[in-house]
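The first chain written gets the first letter, and so on, giving A, B, C, D, E and F; residue counts start at 1 in each chain.
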Amino acid sequence: MTEHNDERFERGWATVAKINGPARDQQFQSLSEVAPDFARWIVESVYADVLSRPQLALRDRELATVAALTALGNAPAQLKAHVEGALNVGLGRREIVEVIAQMAVYAGVPAAINGLQIAKSVFAEREGPGTS
Amino acid sequence: MTEHNDERFERGWATVAKINGPARDQQFQSLSEVAPDFARWIVESVYADVLSRPQLALRDRELATVAALTALGNAPAQLKAHVEGALNVGLGRREIVEVIAQMAVYAGVPAAINGLQIAKSVFAEREGPGTS
Amino acid sequence: MTEHNDERFERGWATVAKINGPARDQQFQSLSEVAPDFARWIVESVYADVLSRPQLALRDRELATVAALTALGNAPAQLKAHVEGALNVGLGRREIVEVIAQMAVYAGVPAAINGLQIAKSVFAEREGPGTS
Amino acid sequence: MTEHNDERFERGWATVAKINGPARDQQFQSLSEVAPDFARWIVESVYADVLSRPQLALRDRELATVAALTALGNAPAQLKAHVEGALNVGLGRREIVEVIAQMAVYAGVPAAINGLQIAKSVFAEREGPGTS
Amino acid sequence: MTEHNDERFERGWATVAKINGPARDQQFQSLSEVAPDFARWIVESVYADVLSRPQLALRDRELATVAALTALGNAPAQLKAHVEGALNVGLGRREIVEVIAQMAVYAGVPAAINGLQIAKSVFAEREGPGTS
Amino acid sequence: MTEHNDERFERGWATVAKINGPARDQQFQSLSEVAPDFARWIVESVYADVLSRPQLALRDRELATVAALTALGNAPAQLKAHVEGALNVGLGRREIVEVIAQMAVYAGVPAAINGLQIAKSVFAEREGPGTS
């Protein structure tokens, strides 16, 4: 990714790193192989121009994203990435479980159950062997 | 509404009041006319059992609800009520505009534009005549 | 509509009449003005070939349609027509209210509330002046 | 599950059993591990307070649920559970196939095809070896 | 709008003009009043960076947009604007009717009917008094 | 499939062949095993009566279908089949990537990413061993 060095890309990439952590390189690489311009557009126009804006805390943005992706129910891989992102920017497991469960009210019980199963899988991966 | 006096209903009703303010009576009345048991179920099973739980701040719950309803795009009247609710529980206009605009990323630009027009109408109603 | 006289159209049109009653002519006419072939396709391929099949009672079909249109939430005019259709083919008001309210479980509370308001408007139109 | 003994939970749990049969314990356990309060809320507020109400037959409720989950298309695991539930409460295979196919009209052909493949897998599991 | 003069904005604004024609100023102004940064982001990141790319003809982009907005069914105002846009960039009325009707296959008949009624209203507005 | 020989079925089946190529037999067979009448209805009422109409080029129909299925996000298997169909009727890979990426604007970035991963898998299958 070092070939991109302009300011907008770098600003977006820093926000990707805060949310996605070490997983960012693989995800970006996979998308770049089929749609390189669109992958770059996401970093610049989404992560730099929208998600990096200071008008809303990154913690609040991830809370909203987990809520919306749970409600929409059409993007389980992205919901998984944003449950991880929510943990990365400071939300607690209890808050994440609570906001996903709340989506039962607005999008139905199946959407909430599916979201909780995704959250459960993220939590389990973080435990690792030897952790309770 | 004074005929319902058990604890669960009262607890839910108190949360309805925090979110919806004076508009709560009319909304509850309208729904009760066609489905009284369901109206009561909403107060007890949704507002008392889900939205009153202390595991997530009411401010965070309304942020998540505004995000989800903007993303789903199928309930403009409820989004309007929850933009009002978001203001009632302490979110600022700037934060509300920001989280709605962010939904363009997850649910598309039209969903965000429609959400922003609803927020704009709520903000305008609060101005009243004589306010800038 | 008398210019169409083949068997498939007539069979579909008879089912339209059972479900929609006297409203059928105006709805068909409005769609025919912009897409005449598609309007005819609906009568033949939807009402004759799908909805007229004897494998499921028309009462059950309308129950399922009211459920689905409430859950989807993207077609209020059609939901209104099918609440009327459900009454026309023998479902009771209580059953209709109950199945719409049940959709809160699968599609969220706002979808159910919106569906109930539509049912309420149909019920009110049927009262007419002089009825309680 | 015997530690819960109050009336609302037991009433809901009985309806879970009618619909889900022996699979109920595993599903409830899996959800309880990540969100125990929400799992209990589903039994009490959904299965007891909504799905156990006598205003609509359980057979009709499952018909409506299969229709809605097919149309929404966002919860294949739950659709599978409710196709099983529909069989458990007395709907025939032909009726289930018919209502899922009908959803092509209201939610599109792909939604119906996906629903039918799920129904097909449930029917096949019930055959067992040695059955035609 | 003359206060924005950088290249990306101008490029996007030119594409807005090709699609939306004279209606562009009012729509942009309305959105700018509640979310000025987001309005500018749409011109730059959507119209300049996505919709102005030469890899797909503008006529094909509008065809795809009319199809998608009809199928999604959550943004009637934007569908209306893009039916007008489709006419502005060279699609014929017959093609527009045909692609909207085709959406019945992928998103259900109600979505197609609703889209056709919107197209019909656009066609009627273009007639003007004195035109057949 | 040779037992069906009437004109409508043959006309639809020819269009299935143009879009789906050799994969058509297996898909039709799988659906026929659970819902034979519905499988035949798709060939006749969808492929013959809608998709074979000359008012819109098959290339444009597939472009619209790829757009709509990407935006809806509820039918990945069908999207895969129609990315293949789009290639079969003359759309280029670049155009397909472009129209899927454009759906980020109308249905959100996750829908576009998911669509692009499906397109990528179709492109990779076509390479085969020994192709760059």
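The rule is short, and it goes like this: contacts are C-beta pairs under 8 Å (C-beta built on N, C-alpha and C of every residue); 3 or more make two chains touch, one makes a residue touch a chain.
Remember, predicted model here, so these are calculated numbers, not experimental data.
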| item | value |
| --- | --- |
| Set of chains whose contacts include both chain D and chain C | A, B, E, F |
| Option in C-D, D-E or A-F whose residue-number contact pairs overlap D-F by over half | A-F |
| Chain whose average C-alpha position is farthest from chain E's own | D |
| Centroid-based (C-alpha) most distant chain relative to chain C | A |
| Pair joined by more contacting C-beta pairs (A-E or B-C) | B-C |
| Rounded Å distance between chain C and chain E, as computed from the means of their C-alpha atoms | 31 |
| Distance between the centres, which are taken as Cα means, of chain F and chain B, whole angstrom | 41 |
| Cα-centroid distance, chain B relative to chain D, in whole angstrom | 30 |
| Sites on chain C at which at least two other chains make contact | 37, 41, 46, 50, 53, 69, 71-72, 74-75, 78, 97, 101, 104-111 |
| Chain contact topology (line, ring, star, complete or other) | complete |
| Partner chain F, residues of chain E touching it in the complex | 46, 50-51, 53, 55-56, 60-61, 63-72, 75, 78, 94-95, 97-99, 101-107 |
| Complex contact set, residues of chain A against chain D | 72-74, 97, 100-101, 104, 108-114, 116-117, 119-120, 123 |
| Contact set on chain E toward chain D in their complex | 71, 104-111 |
| Touching residues (chain side chain E, partner chain B) in the complex | 30-31, 33-35, 37-38, 41-42, 46, 69, 72, 74-75, 77-78 |
| List of chain E residues in touch with chain A within their complex | 37, 41, 44-45, 49-50, 53 |
